[in-house]
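By letter and in written order, the chains are A, B, C and D; residue numbering begins at 1 in each of them.
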Amino acid sequence: MENLIALLVAAPLAGAALLLCGGRRLDRAGHWIGTLFALASFALAVPLFTELLGRDAEQRTLHQHLFSWIPVGGFQADVAFQLDQLSMTFVLLITGVGSLIHIYSVGYMEHDERRRRFFGYLNLFLAAMLLLVLADNYLLLYVGWEGVGLASYLLIGFWQHKPSAATAAKKAFLVNRVGDMGLSIAIMLMFTTFGTFAFGPVLGAVGETSEGKLTAIGLMLLLAACGKSAQVPLQSWLGDAMEGPTPVSALIHAATMVTAGVYLITRSGAIFNGAPDAQTAVVVVGAVTLLFGAIVGCAKDDIKKALAGSTMSQIGYMILAAGLGPIGYAFAIMHLVTHGFFKAGLFLGAGSVMHGMNDEVDMRRYGGLRKYMPVTFITFGLGYLAIIGFPGLSGFFSKDKIIEAAFAKGGTEGWILGGAALLGAAITAFYMTRVMLMTFFGEERWRKAPTPSPAEPSVEPAAETRGEYTPPHPHESPKSMTIPMILLAVGSVAAGGLFSINEAFVKWLEPVTDFEHGHPPLSASAITTATIVVMVLGVALAYFQYGRKPVPAVAPRGSLLTRAARRDLLQDDFNHAVLVRGGGELTRALVQLDHSVVDGAVRGTAASMGGLSGRLRQVQNGFARSYAVQMLGGAAVLIAATLLMRGV
Amino acid sequence: MSFPLLTATAAVPAIGAIATAAVPAAKRTVAKWLALLFSLATLVLAAVVAVRFTPGAKGPFQLTESHAWIRSFGVRYELGVDGIAVALIALTALLVPFVILAGWHDADPMEGPEPNRRWRPTQGFFALILAVEAMVVISFEATDVFLFYIFFEAMLIPMYFLIGGFGDRAGSGGEEHSASLRSQAAVKFLLYNLAGGLIMLAAVIGLYAATADQLGSGTFSLTEIVQARADGKLALGTGTERLLFLGFFFAFAVKAPLWPLHTWLPGAMGESTAPVAVLITAVVDKVGTFAMLRFCLQLFPEASSWATPVILVLALVSILYGALLAVGQRDIKRLIAYASISHFGFIIMGIFAMTSQGQGGATLYMVNHGISTAALMLVAGFLISRRGSRLIADYGGVQKAAPVLAGTFLVGGLATLSLPGLAPFVSEFLVLVGTFSRYPAVGIVATVGIVLAALYVLVLYQRTMTGPVKSEVRAMPDLKARELAVVAPLIALLLFLGVYPKPLTDLVNPAVDHTLSVVDQHDPRPDVPVKADAEAAK
Amino acid sequence: MSSVASVHSLWTMAAEAPARIPAPKIEYAQLAPALIVLGAAVVGVVLEGFVPRRSRYYAQLLLSVLALAAGFAAVVGLAAGGFGSTKAKIAAMGAIAVDGPALFLQGTILLVALVATFTFAERRLDPAAHGKRVDSFAAQAAAVPGGDAERAAVKAGFTTTEVFPLALFAVGGMLVFPAANDLLTLFVALEVFSLPLYILCALARRQRLLSQEAAVKYFLLGAFSSAFLLFGIALLYGYAGTVTYAGIAEVVSDGAKQITPALADTMGNDALLLIGAALVLMGLLFKVGAVPFHMWTPDVYQGAPTPVTGFMAAATKVAAFGALLRLLYVVLPGLRWDWRPVMWGVAIVTMLGGAVVAITQTDIKRLLAYSSIAHAGFILAGVIATSKDGISSVLFYLAAYSFVTLGAFAVVTLVRDAGGEATQLSKWAGLGRRSPLTAAVFAVFLLAFAGIPLTSGFAGKFAVFKAAAESGAGWLVVIGVISSAIAAFFYIRVIVLMFFNEPKADGPTVAVPSPLTMTAIGVGVAVTLVLGLAPQYFLDLAGQAGVFVR
Amino acid sequence: MNPVNYLYLAALLFTIGAAGVLIRRNAIVVFMCIELMLNACNLAFVAFSRMHGNLDGQIIAFFTMVVAAAEVVVGLAIIVSIFRTRHTASVDDASLMKL
């Protein structure tokens, strides 16, 4: 049974290799091949899952050692896999949602001549992501970690002819690299501390080392998590990443890859448990991000960017939960899974809307779409209810638990975190309602010709600005797209409930993440009611602002905060001013320095040598008598020197 | 005595060089095939060497040959290989055929009437390449300092003619102008390295004087000197040893090149044709880093550890400085050159970290960097030969016109930024870990290099390959069969060594351990050593 | 040595009959090399008188070649006879030493001269004048350049066949010079080989003004320096009362004042010795072209007919360094601590000066002149070693260097344009394109000069530096290395010019030489590579020859 | 009188000769100065020979004279040929080659 684990990774990898090296002859069948391999790995995951269920809780860890990878002295890196409850959960999520999105893409990418390559990249991503969650040591995890980075780079920049896409891709990779720095330093620290970086030994030996070391490792891991999971301060890339095709946004930038950070922290739970300071840092990052993302989400008119903001904030919740330690890990993962369902569903819905609106993304150009694309509307709606935590739907269970845990942190900390989480819930409800209303309700703004909006400089003038305006013909998407949406909708409705039946999910994960019940200062029911109340408030507020009065086709100037939020709270401006321009200056200066100083020194010596030579030449003036003079002088010096030597 | 395998490995390309040079002017194609044939023969011999070599067998060197040569100077013709040498010989023998294949048309006569019938650039080009290969191989094999020095120096001459004589026709501002730029670059290359070499000559002579003074008869045999040192027969004074070390190190640092002695490299790589650039950075420069490992450390252990802090700082500067300048370049080949400077920084850092990870990683790095740079540079060369310009700004959207070219270019680039799964990652990470485990601060600062690497590679890729298609690029043909035959194996190798570097590490580890034992350094122990069997228990 | 009384009697009353001078006895066999050559020279002069003009050239050439070959054979014979090592002795009543260094140097000189003779005899390079083949020497040295007499001479197809006997005389002198074992012989030998060279310099066929100027400069400065040498000799004689090396050495080493007490108050110090030694040294340093006595070198090298330049550059250096070695090692060892620092200084300024000034030269012959100065500096580094290694390394270096020089100048004779040899560097641009082979050969010589490994230049340089380092002159080695780096620059410059620059439209052509010059060049290349790749045999030779007889 | 004075005289003559070489332009005169230097040497030799009471010095003097004579032959030949070419015997005019 263990030997199947490698195949989980191998299948999509083979698919990628086949599709990317196969050449044009595969163009016609490429998308189906890709989908097939994705399904294959899902098909492999299911029996493994049943196998695990078959065993009793303690025995649910499978190992597979393939070969010794980098053996150098004490440094022993193996290619070996570890399948336990945590990774199993991820495997199912990745392969399941992944397969659905493959199917969805068949329809979505129908008209793209590079569709084969797209599926190749998707498969590559699956392989890398599975490697990430299946690795049994940090170095191999690192390989998957950067592998998904690569895949996301390729997919964000899939439409390379658009400079914006290429730039976004580059940005995503670079920001992730900063995080990767953290991960690699963490691994080095582990190596110097424990002499190894395999999960088992490291996590087992945590007790034997100092807290300082653990804190250092933990902070470095957190840095890595921030990069991959778009947490403050490394969140800037996620918004731009929406340049990629929508299925990509759904799979990579909502359901799976961006949650890798959460996986990393949960996986390294033992380390964080030993390093309270690191944990504090984690919860702070989580809390800040969940607000940050939510605020940004409120201001965006680009539907995908709005969703991206929400992703950010939801992951903030997970990180927050993961930072809470044993009381939170399980809920972080649980929210991760449910979020995987509904956020993917929402993105696919958005994609379906764009598909029907010839790739318009500006929500101010939507409106009243519910009757044109009912399926999309319903599935999107269910996802919406799930994310705002409507009682009974999956989001409600997972998020509510996180808020409880946040309070359970205890002390003022607990109050602050809980408050933040609650506030976040309210804002979530607000911006999601806004999206819902602007897209599916209200007047059909897309019938009128657009007027270029000054507030959103990022949106490049759409095609229809030239010549006379032909309004789009909104229509429902093909089956290949709607079916995945429906399945995901089902998931987002049911998952939370199923997981929470006598804490099935928590029990399932407990052996890995050792769970303990938090004891919030308020009763669970009180917190739940509070959650529901703030949620209702948020919805109501949004309704009054966007449901009652018509949405202006051009974004109003808006308050200072709004404008800031539109620009990702000026985070990018900061990056640009400091990093991009500053860096540019630096490199220019260095190039100058290299030429004029470092190289100049050499050229200088050469030149001076030439000058010296030129001057000495003058002595050779061609007059025999002056030569004689010099000889005489030389003789004099010679004599003088000889005499001096003797001191005569 | 047994068949002199090592001599043969060096002799075959030498003979090939002569044979190629002798081909009459009209028969250019013959010359090409002859050269390719000989390079392949060398590859076969190198393979035999690798097979006959048994990693971990006792004694520092294997397949040794030893003959008297210049008694009066205490010089012997002494060859021998350890794992490191075998790896690098294999690399050299492997790359040269690709270099020849890639440069197939680089030395074809210019259009229009030739000034002189007897002028045979094509023959010369390939003959010189083979000559370089021969000299590089023998300097990897030499275990006699003097013998090494001779070829270390002599190698400059063919290299010099390759750089100065055969620039690519992409010079801005006419053939005349680019020719002058070329010869400047060549002269700079030669003078830098000659200066380094002559300083080293002084040190070599000094070494002889010291050994002659203490052992009775002067010797250059590495093994003898190391042995005498171990037996306490030979004890250089601290001052002497440091001076000699500096003399040696200076030459190697110029060759490597280490900041601030690097300024010859961008010119040389920029002005010469892509294959020659590969020859410089992937093959010839490796002799420098190799020599640090073999000669600097083993001849002057104390001085090495004395100089380590400074060298580490310089290496660190190289890493960051090279990367930053790469970002600032407007010329594709110069960009790659600066990237190489950054990578050589890593190699040197690994060598002087004095840990088995560091030095093993550095050795792997030499090999991997050779392959990855070859891939990237050769593809860049193909690109340049199509458009006739080295300026990044002249490209854009190539990806649409020539997807395969763009794809291979991207893979080469990803290797350069050492993406996990590709060979360079293994070596780079080893170097970082090795350095970190002894000098944490240095290791951490060095990791910034991986971000910068991503920056210059991706910027290069974005500016050239993506974005709207430039009109000059639109009709650009994709890779031809010959070019694909060059690139594909390299990429395959990058993948293989990235996933399964074990053969290489097994080859290198014993040699590295030996070096460390000579230098008398031991890996720092982890504070909480975890037994491997504990892992199984989990 | 006479007693005080007799001294006084000597200058108070008329001298009575001095002691009988014993009849000199000469070991002709051991002097054979020099005797053969000088004899041949005399015969050559006779030939000039009696052999009809058209066959003179062949007769002279034959004679020279035979003479030099015979001389070399004699040297080999002597060496084989053990005179180089065990049976080394002083012949001709202490006038001439027959020992290892002497024989080695004589052999080198003879070979060099033989090869040089070939270049002297080259007649294919200059365009035939009036259907007659001509060599590179003036039709009639006495005729005014461009005058009727010259035109007539050219028309008549005269050639200066006197060059052969002249060269032979010079060689004879050079053979004696390094073997000279007393200062008088030294002086005479110096003049014997200098005077013919002065004349040879004046005999160029083209650019005769330059040629004559070179001659007059060389002559005046040469005479000037030999006057100093002579005065130095006088002082040494005054100090030691004898001019034989052994005698002086003895006096120097035991430091006993051999001066009559009557004169002690005025001359009872070593001033005589030191000044005398300095002046003699100066005379020799002038010949080897060491800074600051090098000024003649560039002008003379440039003006003289190129074959002569090659001969001079090679052979004179060998002879002069031989003499210098003997002087320092045999006469002045007791004075080592006085002259070594001085020579240090000379060596340093010579190495650096030559290298630096060469950088900006624009004429290939002048360039080679300065390079020869730099090389003189390198050799001095070996001389200073004052060890057996030092001697043998210098011997080896001289052998290696002389053949490279010959070859290089031989190549220079090939590159010609309308005005004769095109020595302007700028004209050499793109030579590699026009005639790759010639350029390649010249490149080999340049690389040897630059001391690139696998060439004789490297082996030689390594040998001398090694010797210097072992004798504790480490810093001298460092300076030598630095100046070699500087020197490398201008050698490289020429290579760049030849290979990487586009040929000029009106560039020179490379004449196809006769087998004579080809041999010269071939020998040069061969020696360069052999001594570079497998120098051991010759190092042994030099090593065995590393002992002076006292 | 004290033979040392002869030495002083020799030194003086030598110096005068050297100075002449440096000062005078006419090649012939320069050459004569050199001859003067040689003669100074001869005087020194003879004087020393006298002091040491051996004849070497005197013999050397004869050799020197011979050599000087030979030098005259060669020297005059060269100078005369140059004079015929340039119609001047000035040393300074012969300065085509420089730098």
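Just so it is clear, a residue touches a chain if its C-beta (ideal position, glycine included) is under 8 Å from a C-beta of that chain, and two chains touch if they have at least 3 such contacts.
Values in this document were obtained by computation on a predicted structure and should not be read as measured data.
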Q. Just how many steps, at minimum, does a route from chain A to chain D need if it may pass only between touching chains?
A. 1
Q. Chain with the smallest distance from its CA centroid to the overall CA centroid?
A. B
Q: State the chain with the largest centre-to-centre distance from chain D, centres being mean CA positions.
A: A
Q: For the pairs A-B and A-C, output the one whose chains share more C-beta pairs in contact.
A: A-B
Q: Using mean C-alpha positions as chain centres, tell me how far chain A is from chain B in Å, no decimals.
A: 37
(Q) With centres defined as the mean C-alpha position, give me the chain A-chain C separation in Å. (A) 81
Q | Gap in Å, rounded to a whole number, between the CA centres of chain C and chain B | A | 46
Q: Can you check how far apart chain C and chain D are, centre to centre, with Cα atoms defining each centre and the answer in Å?
A: 24
Q | Per-residue overlap in chain D, given as positions that touch at least 2 other chains | A | 18, 21, 30, 91, 94-98
Q: At least two other chains touched by the same residue of chain B: list those residues.
A: 191
Q) In chain C, what residues contact two or more other chains? A) 216-217, 220, 224, 228, 298-299, 489
(Q) Which pairs of chains touch each other in this structure? (A) A-B, A-C, A-D, B-C, C-D
Q) Which residues of chain D touch chain A in their complex? A) 18, 21-23, 25, 30, 91-92, 94-99
Q | Residue ranges of chain B in contact with chain A within the complex | A | 191-192, 259-260, 262-263, 321, 324-325, 327-329, 355-357, 360-361, 397, 399-400, 407, 414, 419-421, 425-426, 429-430, 432-433, 436-437, 440, 443-444, 447-448, 450-451, 454-455, 458-459, 462, 465-469, 499-502, 505-506, 509, 512-513, 523-532, 534-535, 537-538
Q. Which chain A residues qualify as touching chain C in the complex?
A. 606, 609-610, 612-614, 616-617, 619-620, 622, 624, 627-628, 630-631, 633-635, 637-639, 641-643, 645-646, 648
Q. Quick one: in the complex, what on chain A touches chain D?
A. 617-618, 620-625, 628-629, 632
Q: Spell out the part of chain C that touches chain A in their complex, as residue ranges.
A: 216-217, 220-221, 224-225, 228, 269-271, 274-275, 277-279, 281-282, 286, 291-293, 295-296, 298-299, 337-339, 341-342, 345-346, 353, 356-360, 486, 489
